[in-house]
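Presented below is the structure to which this report refers.
Note that the chains are named A, B and C in the order they appear, and that numbering of residues resets to 1 at the start of each chain.
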Amino acid sequence: MAGNGRTRFCLFIIALLVIGGSMGGCWDKKEAEDLGYVRATALNSAPDGKVHLLAQVPNPATLGGAGTARITPGASQDAKAYRNFEAEGSTVFEAIRQLALQAPRRLFWAQNTLVIFSEGLTRQGIAPHLDFFERSMEIRRRLNHVLVTPNDPRVLLDVPAPHETIPAGRIERIIDQEQQTSRFAIVTLSAFLRMLSTEGQDAYCGVVRVRNNPARPALVQQANAPEPTLTIELSGAAAFRGDRFAGYLTERETQGLQWARNEIRGGFVTVPSPSGSGRVTLDILRGKGRMIPAIQDGRLLVTIEITGVVAELAQAEAPLDLTRPEVLHTLDHALAREIEQEVIAAANKSQDLGADVLGVGAAFHRKFPREWREMKDNWPEIFPTVEITARAEATIHRTGFIQKGITIKD
Amino acid sequence: MPERKRRLVTRRLSEMLREVQQKRNTAEDESTLPANGAGNETYHYDKLKQMPLSASLAQNIAVLKRIFVDSPGFNVREFLVAGKIPVAAVFVKGMVDTLLVSANILRPLMHYTRDEPVPQGKGLLEIVQFAGITTVPVRTRDTIGEIVRDVLEGGVVLLLDQESRALSAEVTGFQTRSIEEPVSESVVRGPREGFTESLAHGLSLVQRRLKSPNLAVENHFLGRETHTQVSVLYIKGLVNPEHLAELNRRLKRIGDNIDGVLESSYIEEMIADRPLSPFPQALNTERPDRVVAALLEGRIAILLENTPFALVVPFEFQALMHASEDYYQNYWFATAIRILRYVALTIALIGPAVYVAITTFHQEMLPEVLLFQVVAARQGIPFPAVIEMLLIDYAFELLREAGIRLPRPVGQAVSIVGALVIGQAAIQAGLTSPLAVIVVAVTGIASFVVPVFSMAFTLRLIRFPLTILGGMLGLYGVIAGVLAIVIHMAGLRTLGLPYLGGVTPLHVSDLKDSVVRFPWWAMRGRPHELSKRNRQRQTPDLKPRPESRK
Amino acid sequence: MNYAISIVLATAILFVPSITAQHARQDAWLSLLLAGAFGALVTYIAVRLALRFPGETVVQYTPRVLGPVLGKLVGFIYVYYYLFVAYFVQREFSELINAAYLSRTPMIVIICVLTLLAVYVLYQGLEVLCRVNTVVLWSMIGAIFLIIMLGIKEVRLEAFLPILENGPGPVILGAVTPGSWFGETTVILMLMPFILATDQPRMVKFNLLAVLVLFLVLEMIVVAAVGQFGAAQAATKLFPTLSLARHVDIPALPIFSRQDAVFMAFWVAGMLFKLTTFFYAGTLGLAQWLNLKDYRPLILPLAVVITALSFQAWVDITELKSFSGEVFPFAISFVQFILTGLILGVAVIRGIRPQPGKGGEV
């Protein structure tokens, strides 16, 4: 069945040679402990057109249960849970290789989850730097989030992180909480690249800021682990025009943007109470956004339709009588109006900035491919003139555990 | 008995014995055997079978004594039938039950008191056979070869004077182990009888479960010196005649061309379709119920003397993953257990290889929390992961082997020292990471989950090259190794039956008894490739249905 | 017979989404429809031809159909075509492994490992080839299906709009490459003699079914790639399917988020069997072309030859990819469609029938 003896022998010898030959190699072997796992990468502009790179690498010896119990030679008690390596280079990759001059480990980018650009760099254009992140075989584009910071990344990535060992981990966990607020944009590297390359669509991404810590107590002399002076906050979105920074969106505008982009997974809306006094805050559960472009007498119209919004009554400042359905209907209506206003706010801001982060152009491209061909070259000029309207429908499905709310006796 | 008569008998006896003695002296010279020095000749059944018995008792005794000159326990007991006709009983002490011999052969013959006179020559044999000895199987023999074999197998052969035939009575009386629970295949539910070293026990255990005249046996005697009886069992009408003919052909090829067959593995290796494969090519089992189940599927069982391990051929790979208990437990549970076994098979095969590949090539595959645990655990370990893994794995095999060969109490001590002390110490000394020890331990346990031990051996063997491949080329190496194994298995056959049968070539009905086990009422057909003639195992529509609900 | 699906599948899914998307952009899925139809046509012609000479391979009957000289020449083209696909697969595959996982390992090692496995299969013959194929193929389709299911939430349907933005031209252009890949089912011309006589009449149905399955799988991948990355991004990726595998993210179960290497493992298996099938067809064809009784002595020398060719033929990945988009389809379509159709036409016109008693025994 399997050849004669000699050929078999030949095969065997070849197999031995291949196996033996590769034994001497193990070219790609890299022991897990010899790698430095970069968790966050921050890029800043540097003089002479260079780029400044910061890579945050956790110190595994201080993480992990088994490791902490063991004595690692040289690891003193003040071992920080992470180290930030910094270097400058004319390209990102050059800077990365510059890091190798300081880092005792081979830096490994597969676990990287944050790509942070400083505002200064984004004003100069980030296309040249993005190429590296798109090309790299190590970087997981879907698992990386793109953020812009107005602060110095060096400060940002050194703010002490409560509940997390390293600042990068803290930012990731905050991103995980996005659906509670919808007040900042979460954009993966993959989505960011996709927006950059789609016709009639400008890119946007989340914003991370350093703030003074409001939780800092008056008693600074507290000896036992004082509250740090600075804290990190994610809020709003950064809009791009092409690959350049165009401006920030406020938290409310960001929520409007996400409605329009159909990326709402939660959030909250506060509306005036139908009872006349106080406000009502609603917790959004889900909702769908759709963009309907139209061309009427040469005018470009876009209706942003928000449908199927389901919310839960989270808090009412003044008692509401929910035994009457019309109260809830009034509330539904108020919620829909507020959503519409959020969307319009986002649209107005993006038109002011001249950054089509809503993807209005892309919507025209899909529906009117022929007309688009004429528009697309002067889209930046056309975009601010597009008439954008919003239409929302919302229902409040749940009201919590009470129907009426307490009435405070006089 | 009066004094006179007794003296008469004594004189008569001593005369006769003298006569016999003389005859023997003359006979020894006439012996047909080559006379190149007593005790140095070697004998062969084939040659001895050609040699007829002579009509002279003395000469036959002389020949046998010559053949058995240095044999341990060879005995010739000469006595007189009914006090006058000389007869010799030939046997090997230790192979026969001497009490039985004296009670069933010597006593009835010596005290023969029937009315008709005992004839001196012709007719004596019949009288002895039909009216004399009282053992159950009695056969007539007429060559020296047959007698030699009977004697060596624990029979008593009666040589008569003036008769060229002998009588062979079976009174085997050597010690055998009693039927016990099979050690290597114990069950929670199911019969607890296992084969023993006695072939007779084995055959009876099978026959007790299979009371059918269709159960057939073919005997082979293998081994020039050991002359081991090998029984090939099958069910007529279910077995594929091609398989049977092929097996018989292969067994005949072994025949007397090997000097000894001590265990069924000898046969397993000599009838393999692919002699160089590390995979088991005959299924071995200690369990009669498993053998019967195989027979009912149209397979062939091979039972051997002197070993409790029977062989089943042909079989598919998946049979190696089945335990007989699967069929005795609830089928949902049995299915879950089988899935568990396949998972264990995968772990036992590629566990260390994948660990090495992931920690040294594909770190990105680990979620960060797990990854940092790995990294933290490996801080300061002096060996690369692949070397570390090979060392611990080897140490584990070392401990296991030491534990098996040692007496049970000592073996336990060894495993405690090994597992706890060495493992713990190695981790604390920073020589290995706890993770590697966990991986090896899980792998080791997983390899014990595979129900057929010979398969577990194969797995443990293949694991090492796979680990090396994983350390060289990462997952690419591992998958290349696994593919090589799959290709190899796809080319394997047992008695011409494809090893991966059921899966490829695919027979959907065979999959009812593979990773899953269907309830009995749903398994209508026998394995497809095995029984092309008699497909139905049972009538359809056996699914129980309570009458009331009809 | 599953090989018909698997042989094409393995390499096609490597490049198809990006090559097709380069031309057809968001209409790549339409291109595939066209390509599938073309594939079905080629397959139909090939099976018709093979069924006309059920006991022989294409190398054996072309000299009778086209005359000894021309026939031998065409026979050699077929042999070369099969070997060519084999070494194309070798190179393509090792480029992927090199680029994505083992960047420092010399390519020769990667190719050698795969080729040795193929040689091992070939020594064991066609039966083992088909057996392993069954196992590998379905696990591979399962793996692809899983990857797509895991990412299906990310597919944005608006990525497929507008339909036919630039007219049908780009769609047809985009169909050329996958069309030629579908046509690789012509390997049936070498394998028909080994198919059971009872199964042969059903081969038309089987093979068209194979093209259908293949089409569905490819369509799923293209839809997933364009839907998840957008047409522009899908077109720029070197290995879109691998990127798809890397794109899987399940926030609730992060342990499943980075398992693309597992997918690679299934892929290796698929690649191996595409390589093996064509290598087998080529080796067998060459043996018959040289009138050898057994093809086995040719296995090792040919393995060395195709390994060398796979190195020498293309300089780098860019060349390989543009080749597989621009040259490969036309060269291959020539053999699959024109030559096969020609032989069938001539055989029908000249009324040539199989010689009785001449079987494809090797």
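By definition in this document, a residue touches a chain if its C-beta (ideal position, glycine included) is under 8 Å from a C-beta of that chain, and two chains touch if they have at least 3 such contacts.
Quick caveat: nothing in here was measured; it's all calculated off a predicted structure.
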| item | value |
| --- | --- |
| Chain-level touch network, classified as line, ring, star, complete or other | complete |
| Closest chain to the centre of mass proxy, which here is the mean CA position | C |
| Centre-of-Cα separation between subunit C and subunit A, whole angstrom | 40 |
| Distance between chain centroids, defined by C-alpha means - subunit B, subunit C (Å) | 50 |
| Separation of subunit A from subunit B, taking each centre as the mean of its C-alpha atoms, in whole Å | 68 |
| Multi-chain contact residues (two or more partners), subunit A | 1-2, 22, 25, 28, 110, 140 |
| Residues of subunit C engaged with two or more neighbouring chains | 101-102, 105, 109, 113, 120, 124, 257-258 |
| Where subunit B touches two or more other chains at once, by residue number | 361, 364, 473-474, 491 |
| Sites on subunit B touched by subunit A in the complex | 359-361, 363-364, 368, 371-381, 384-386, 430, 433-435, 468-469, 471-474, 491 |
| Touching residues (chain side subunit C, partner subunit B) in the complex | 97, 101-102, 105, 109-110, 113-114, 117, 120-121, 124, 127-128, 130-132, 134-136, 254-255, 257-259, 261-262, 264-265, 268-269, 272 |
| Residues of subunit A touching subunit B in the complex | 1-2, 19, 22-23, 25-26, 28-33, 35, 37, 39, 58, 60-61, 63-68, 70, 72-73, 108, 110-111, 138, 140 |
| List of subunit B residues in touch with subunit C within their complex | 361-362, 364-367, 370, 473-480, 483-484, 486-488, 490-491, 498, 500, 503-506 |
| Touching residues on subunit C, where the partner in the complex is subunit A | 99-106, 109, 112-113, 116, 119-120, 123-125, 158, 161-162, 165, 229-230, 232-233, 236, 243, 246-249, 251, 257-258, 296-297, 299-300 |
